[in-house]
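Labels A, B and C are assigned to the chains in the order they are written; within every chain, residues are numbered from 1.
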């Protein structure tokens, strides 16, 4: 807790005006918009694709499924800087398949997708596997098509898992740095994310400014975590009979 | 029909984002054979970088393991004021950006920071030296052991421990002979995750280390340094070593996971 | 509303669940599929519902071939042993689900749900969630839910299996009265022969993927066609290759020709009924059921030697029946 306190304190060390100046500087704002926007987009896409992946892993069966299941954890095991480098190799200037998105916002999205991929998959898997399949059979016997059954019976029950994964993924993406330093190019106003901006501020001797932006990031992360937690709480009220 | 479509989507997603990039790097690194990669790896700075990463990991992991197990026991088996806070606190590093972690340490222990004066007076170099890097790494890899052990402790319940106590075992004996063996796979899994995190840490260490080549540069920092110096081959070589370790970690995780899952 | 099962077979890997099974169920009747675990009864029920597809054979519902129809199209109501409640929906929404899926107007759904809540006596619980109900209440909700879309057939898979004895007895009674009121063709699966005898008008006894016998409770009890049915429905004593019901064994204090010499092992009184366990010199223990008056007449004691003779017995050939009624 102490470091956080120090952070908040220090960010105010030069007064409220300096705080706002630092936070509202065009470069900081650009970085923030990019960071939050990219993180949100990525968390959303991963929520959908991660759910599909979890579904395939739990409900489908095919050779090599357990290998695929293990690969999901790769982003947890691989150093983020290595991840950035590998994405650069495949989707950068020397790309063998001719896709070059290096130093662009797309690169940021790709790197963040890598880093946050496991979250939704891993939070949805246990929920899905514990789902009572008889509920689906009951829905079928009552006349519900497969799509309707998914929409009205399955989805509401796996939603808490999806939301958790979304929140965790978002929090991670907002603070991500290792995978982005190389592939994004860190161009201010274009491809500079907040974490890189903060690093830059520290290295140019402006720790207070860095702290100010860091506090904003912190607040956003916490807001998302609390917000999603609240939504989760609300959507699972039927369990707390 | 739909099943194949879903399967295809999932597999394509995974391949494009995870598998293909890794494959390329392997290919590129060894495209010209082993020699250039080996040479890149044997420069003194690079060797030092690996040693430093290893040293930090070897310090951080045991500390976090002990801390994690103790906290898990406290959270699951005891009541005390502020328990919820402890629980949330442990999860905190997962929600924080590593750079923010580094920054707070920087502010706290820097020359003008709250504790900076203390270190200055005793002539201990904290920032831009090993201590800061170790503390940063400890902080970011804090949660893993606790997060694995807590659900396992909950699932197992404390009946075995109660039985041991009625048979006359002391607290320590109960812990060592009953509790610890029952959670050992969760602990091991947590240790693996912690180790992977320590090895791969970048952001926090980047802030507090000063990135002095040959002194405070870890393996991950060195990858970036090589890239910035246009030594792509060198960067790849170090990355490959880290990737290989990561794959070993992944295999270990896969092997242990089924045993770690509470029955 | 009638159901015909014709030569249905089903295998799961190496395990044969149903082997050339045929059955006729009259419209409006209340039939039980009775048998031990693994006999195939649940599989048969699920095939009738469309939740499983048979490897061979046909299912006809009201004369029309339903074998290839998905469950959605069969208009059957299904009740699960563990309720399968939609736990994220209220009781009202659960019950109304079948109607809302068919896009009935909201007012109509509301009325029908009210009607059913009254029927199953859950009026006060409409806005609760399943987690807030007891097991018995959840099963009543499940029944209401299955009945809401006015199915042609009602199928219940060990519906009372997860409930405790008292609730089970209540719901049994309840199901019988419900059937009298609603008259929908009902088939339920159970392994409890007392339950089957109590509720159903027709019972199909199943064993090892086959149907052994179909008949009314009395028929099965008095005229079992196979050894399995004899022993599964009601209790049976075995003397050599003869089978005798406990109340068909007569005890006499003096030796009787053709009788078996036994020793009294244990006497238990259940109110007016008395059960006496006897050990013969060779063979299995025998069970005799008498009235208390008869017990007093005989003045039986533990360790006493008595003779038993069957008043009525059954014998069976190796695989089928041979009715031996003496």
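As a convention for this text, a residue touches a chain if its C-beta (ideal position, glycine included) is under 8 Å from a C-beta of that chain, and two chains touch if they have at least 3 such contacts.
Remember, predicted model here, so these are calculated numbers, not experimental data.
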Q: Taking each chain's centre as the mean of its C-alpha atoms, give the chain farthest from chain B.
A: C
Q) With respect to inter-chain C-beta contacts, which pair, A-C or A-B, contains the greater number? A) A-B
Q. Which chain has its Cα centroid closest to the overall Cα centroid?
A. A
(Q) How many angstrom lie between the centres of chain B and chain C, each centre taken as the mean Cα position? (A) 59
**Q.** Centre-of-Cα separation between chain C and chain A, whole angstrom
**A.** 54
Q: Give, as an integer number of Å, the spacing between the C-alpha centres of chain B and chain A.
A: 19
Q. Chain A touches which residues of chain B in the complex?
A. 3, 6-7, 9-11, 13-14, 17-22, 24-25, 28, 89, 92, 94-108, 110, 113-114, 139, 193, 196, 199-203, 206-207, 219-220, 223-224, 227, 235-236, 239, 242-243, 246-247, 249-251, 253-254
Q) Which of the residues in chain A come into contact with chain B in the complex? A) 1-4, 6-7, 9-10, 49, 52-53, 55-57, 60, 62, 66, 68-83, 85-87, 89-91, 94, 96, 110, 113-114, 117, 168, 171-172, 174-178, 181-182, 194-196, 198-199, 202, 207, 210-211, 214, 217-218, 221-222, 225
Q) Which of the residues in chain C end up touching chain A in this complex? A) 49-51, 70-72, 74-78, 80, 82, 84-89, 97-98, 101-102, 128-132, 142, 145-146, 148-149
Q.
Could you list, by residue number, the parts of chain A that touch chain C in their complex?
A. 132, 134-135, 137-145, 148, 152-153, 156-157, 238-241
